[in-house]
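Worksheet: one structure, shown below.
First chain written, first letter: the chains are A, B, C, D, E, F and G, and each begins at residue 1.
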Amino acid sequence: MVISNPIYFIALPLLTAFLLPLIGKVYKPLIRLTPGFVFAFMAYISFDLFLNLEQGKAQIIQIAGWAPPLGINLVYDNFSGFITLIITTLAFIVWVYSYKFKKVGFDNSKKFFILMMLLVAGSIGVVLTGDIFNLFVFIEITAISSYGLTAFYKGRDGAEAAFKFLFIGALSSTLLLLGILILYTQTGTLNMAEIAIRLKDVPIATQAIILILFFVGFGIEAEMFPLNGWVPDAYSQAPGPVAASFAGMLAKAGIYGLVRIIYTIFDLNGIFGLLLIMGILTMIIAETAALKQKNIRRMLAYSSMGQMGLIMIAFALNTKAGIYAAIFLMFNHALIKTMLFLSAGFLTYSTKDKKISDLDGFGKIMPFTALIFGLGAFAIVGLPPFSGFWSKLSVLTAVADKTYYVILATILLISVVEIVYYFRIIGRLYFKKAHEEVKIHKPSWNAQVAMSVLAILIIVVGIYPDLITEYISNAADALFDKSAYIKEVLPNVSLN
Amino acid sequence: MKKESSKISKFFYTWIFLFVLWMAFTTSLDIAELIAGVFISFIISLFTYKFFTTTGFSILTPKKIFYFIKYLFVFIIELIKANFDVARIVINPKLPINPGIVEVESKLTSDFAKMILANSITLTPGTLTVDIIDNKLFVHWLYVKGTDTETTYNEIAKTFEDILIKIYE
Amino acid sequence: MQDYLTYSVYGSAILLMLIGLYAALVKKNLIKIVIGLSILDAGIHLLFVAVGYLNNATAPIFSETVLDKNVVMADPVPQALVLTAIVIGFGVTAVALALVVRLYRKHNTTNIDEIKNLKW
Amino acid sequence: MDLFFIIIISIISLGALFGLIRFIKGPTTSDRVVALDTLSAMLIAVLVLLAFIFDRYIYIDVSLIYAVLGFIGIITIARYLEGGI
Amino acid sequence: MGIGSIIFLIGALIFILVAAIYAVIQKDLIHAVIATSLISLALSLVFYILQAPDVALTEAAIGIALSTIIFIITIRNTKRYESE
Amino acid sequence: MKKLIVITLLLILGFYLMSTFISVPFGAERIAGVKDYYLKQSPETLKVSNVVTAIVVSFRGFDTLGEVTVLFLASTALGSILYRRRTHHSGLNPQREAVVSSTLVRTGAKVLFPMIILLGAYVFVHGHLTPGGGFQGGAIIATGFLLILISYRKFFINHNVLTWVEALAGTTFVLIGIGGFIFANQNNFLENFLPEGTLNNLISGGVVGIIYIAVGFKVGAEITGILDTLLTIKEAGLNPDEN
Amino acid sequence: MQIFDYIGYFLISVGAIFLFLGGLGVFRMPDFYTRVQAGTKASTLGAMSIILGVGVLQPEWFVKTLVIVIFLAIANPLSSHALARGTHKAHQKPIVKDEKIEDAYEIAEHKAEEKNIK
């Protein structure tokens, strides 16, 4: 019990990040090794905890020994546990991929791993915390580390992308802070469960204002429509593994925060309509924009936004099937997008503009990486037998259950668009002649391992979806059942 | 200039000075506060004593302390006297001023003494030290009564410097 | 009196926020944008502390004269939150200014209209 | 006694208002910094005065810190003006 | 809250707003930065009157010197004037 | 045109915010919330007189850990965004270096520096008794270093020392947290495992004081690092691309 | 203890008047140097006077108020001086009514520069 405690998900990466500069003074290679050990340990704990967590139960971790409404608490339930599992696993895989990262030397790899470590810690903090202001602090941690990571390469336009990101991020986090303040003035508490109880007495108009402020605050990391101007720039300018972890961790943490707020705290009918509209807008705009892109990283970024839109739609259905579909989508999106970004990073390693047209004939030049990319493309558009198929199927059935046929048609249409642009690339990879004198950069063994692991996961889940469906359905239960959450956090408070 | 004091003298001077300052901050005679003060001022003086003082304990002779107190009195009187002067000018609708920058030669050698002199000159309204180059002070004067070094010295610096020389030289 | 204070304190805090937002959204100069963001921050900090104030309250510190538990004390929670928010705001400002310096080195300008490698 | 403090406070506020006008009018950077310097000296006094009015001894720390830190900001700007940083 | 405090409170709020507007419209960035410093100054007075000495102290420590200097260093590394 | 749209939007936002905040009049008694517990628990259970400190360090100590992390992150990100000089004043603009500050400022800096550091130490040691604490004390210490840095442009801050202070202080914070995990009654992260002492005494509040001291060191080192990085940016030229 | 009260209130009143005069001086004086002269110094004295007045009224606070006053006495002239020097180096010259008064500092700086060139 002392070893497997959710607190380590946050305490350990922080401790390591603080210590990393010192470790570097002792023995330099440790700078690259230590994060790996920590991530592996975290992944181990998260498996251990998640598999031992009973269905419908939650583990409440009080911090500083104060019972929930007083102190900050972490809530490790089926839903947050599942997301934590995804994040920790991905963190480890990204570490494996970037283990040899940076030919630039010791000082930079130190900074890279510190920022990466804190990005992971912040994302997990967003997922686990049960306190609204603490959520804001962790969002700031993820945000600042992403600014640093986006501007990491000096040669690219990283600084520009990062400034754009920072501008939107600072604005929206201020508005989030404002929302927290209004919430506090109305309820007198910051604990999410207690807020959920007390919010019944708050006028609807005030609730709506708070809600809009929260939408703005989380929308930026969830890549929601008006706030996602930073996404293509940041994804295309950041280092490869960073873009992968933005898609895998940052976006997941953002959407998690959003739905946690919506499902657990608020009790308004209008929310889901708003989320639905936002999701549809995000999806349509992003996917059509993806069609036009020439830069492969930008295309993947827009595709990622489109997927987030789809996730929002699924969450907005407000049914158990919808939540189930959304969580399944989150899982798939995290794995597949990471894989796509990692492989695209190697495919375009030596080209300057990362253009799609530079990929002609790479299927023969770099067979392994191109194969991985192809797998990812097949999986993300939702073709069987990959895992993406099952999630898309469940989304469609969930929408159909709600009898939103227009939305169903839209999703199908958008899927066609998706297929078009992904297959365009696959066509270039395999059926075009290569340019002359292409420089290639073979992935090192660790990158190959990382990508293979992801590919195997995708295929295995695609063939045996039953492996994880039970966990996902538990997670959906945990999110859907608001009173259970409140009961777990505040056992002594009677509802009604 | 006299030769610098020994390291030990400087160190202990810094330590005791900081400790007294700590006691002024806390204004408490609680034993825990005192121990914390001794400890913290010890650590700070460890890495600051080299430049905090050049004199060490040699400044603490009875005669010098006496002159220091006398200096304070002179300073306060000058301060009040000259402040009313400025009040007179500011309230007067015609603003009777005749400003300019003049040169004052100082006989002081110690940096710290020069700082005290310059600060005193600045704080007594009517005069403002603009810069010090070697032993020349450049002073902005609200009502210039003469630009030759003798007048300026007598008008601006003499009252303070007579006492400062006794303390620092 | 009370209404009057409500309007003036909250009103000026909100006005301050709006001024900052205006600068951040309209101005073209990068440093001006960062200044706008910090004014926005200042406004929100003011709002926090104003919400925490109670009539005839004293600071939430039990010291020599105030050991009596019946004294009205200002709400300590917004104050504690604002401490965190100020420090976070400082960190964000520092990062933003570093990015401004980077952008200036690359583009030799601080006007966002002239920095558009990535289509603003 | 209240009346005494109200008068004192009004006088100081009036002085601060003049400082603000100078700050707005300028015309040079240095003039504005002088206004800032004057205002911060006023603030230090005001903080101590308010500590007395509120009758809380611990509030004085704020004033102490202002006295120490305020001048560093001014020196920084001065160093910028002379081209030193 | 006594009348004396209210005078200071309202006065400081006026200061803050005037300085903020000034900071936004001023084309010389150094002047704008000095204005933000003035905002911090008045803001910490407001915090003090609103019985938040902790916050006033933080605002003083960060707003008056540190925030100002990082802006000034940035300006000396870039351009001083905001162009049209 | 754009300005008009923005102003209209802002006015709408302002109107709604104002109408929201009117419902909580300035200074009126609020809904009973956690603050009453805090005001009661802090002097009684925790023996910390400054309730704000109690909240920042103990009740919501996790926020503080996050906050320290944010500053650490900012200084790291700054280092990765900008290049710092490697060695002692290479790459500085010689013209700027030639403008030495006046003798008076330098002498004043020498005399005031130890006092400012002492003041910073006073503020963070007394975080649980008087206003102030780790952040404020750290910021004051950093300002003291700033004074030295701007008066002596050749002053060289040893980044090794900064790294050590920063790392050790951060580690102390987390280890105290884990200490609560191991030694305290309920085995919670950051829980107090030391005797509380008596109210209004320097030694009171258990781990609160120690955490605030660690925070003070860490914040001081971090802000000093940020300032030094900013003050010694290379004058021109970025390193060539590393992709 | 009546007498101390009177002293305290007197000091506070004097301080308030000087603070006002400081503001007025900054407002009225014709150029930067004279503004520093009138403004910051009158306000320094005013601040010191008010702080000491409070210290006299509350004897337990006296030590700390004294510390503040000492800090003010060291720090404020320094900042005025640094500001004046910086302004002068930024080529902003004081106005003079009497043309015969030469700017001694400027002359000295010129000499130093010439020396450097040689």
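Simple rule for what comes next: contacts are C-beta pairs under 8 Å (C-beta built on N, C-alpha and C of every residue); 3 or more make two chains touch, one makes a residue touch a chain.
Since the model is a prediction, treat every value here as computed from it, not as a measurement.
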Required minimum of steps from chain A to chain F, each step between chains that touch: 1
Number of steps on the shortest touching-chain route linking chain B and chain F: 1
Contact-richer chain pair (by C-beta pairs counted) among D-F and B-G: B-G
Farthest chain (mean CA position) relative to chain E: A
Whole-Å separation of chain centres (CA-atom averages), chain D against chain G: 12
Approximate Å spacing (C-alpha centroids) for the pair chain F, chain G: 32
Centroid spacing, where centroids are CA-atom means, of chain B and chain D in whole angstrom: 23
Set of chain C residues in contact with two or more other chains: 5, 9, 15, 17, 21-22, 30, 47, 50-51, 53, 55, 57-61, 63-64, 77, 79, 81, 83-84, 87-88, 90-92, 94-95, 97, 99-102, 106
Contacts with two or more other chains, residues of chain E listed in rising order: 1, 51-54, 56-58, 61-62, 65-66, 69-70, 73-75, 77
Chain B, residues touching no fewer than two other chains: 21, 25, 118-119, 129, 131
In contact (per the touch rule at the top): chain pairs: A-C, A-F, B-F, B-G, C-D, C-E, C-F, D-E, D-F, D-G, E-F, F-G
Complex contacts: residues of chain C adjacent to chain A: 17, 21, 24, 30, 33, 37, 40-41, 44, 47-48, 51, 77-78, 81, 84-85, 88, 91-92, 95-96, 99-100, 102-103, 106, 115, 117-118, 120
Chain D - residues contacting chain E, complex: 2, 5-6, 8-10, 13, 16-17, 20, 23-24, 26, 29, 32-33, 36, 39-40, 43, 46-47, 50, 53-54, 56, 58-59, 61-62, 65-66, 69-70, 72-73, 76-77, 80, 85
Residue ranges of chain D in contact with chain G within the complex: 4, 8, 11-12, 14-19, 21-22, 28, 30-31, 33-35, 37-38, 41-42, 44-45, 48-49, 51-52, 57, 60, 63-64, 67-68, 70-71, 74-75, 77-83
Footprint of chain D on chain E - complex, ascending: 2-5, 7-8, 11, 15, 18-19, 22, 28, 30-31, 34-35, 37-38, 41, 44-45, 48-49, 51, 53, 56-57, 60-61, 64-65, 68-69, 72-73, 75-76
Parts of chain E lying in touch with chain C, wherever the complex brings them together: 1, 6, 9-10, 13, 16-17, 20-21, 23-24, 29, 32-33, 36, 39-40, 43, 46-47, 50-55, 58-59, 62-63, 66-67, 70-71, 73-75, 77-79, 82-83
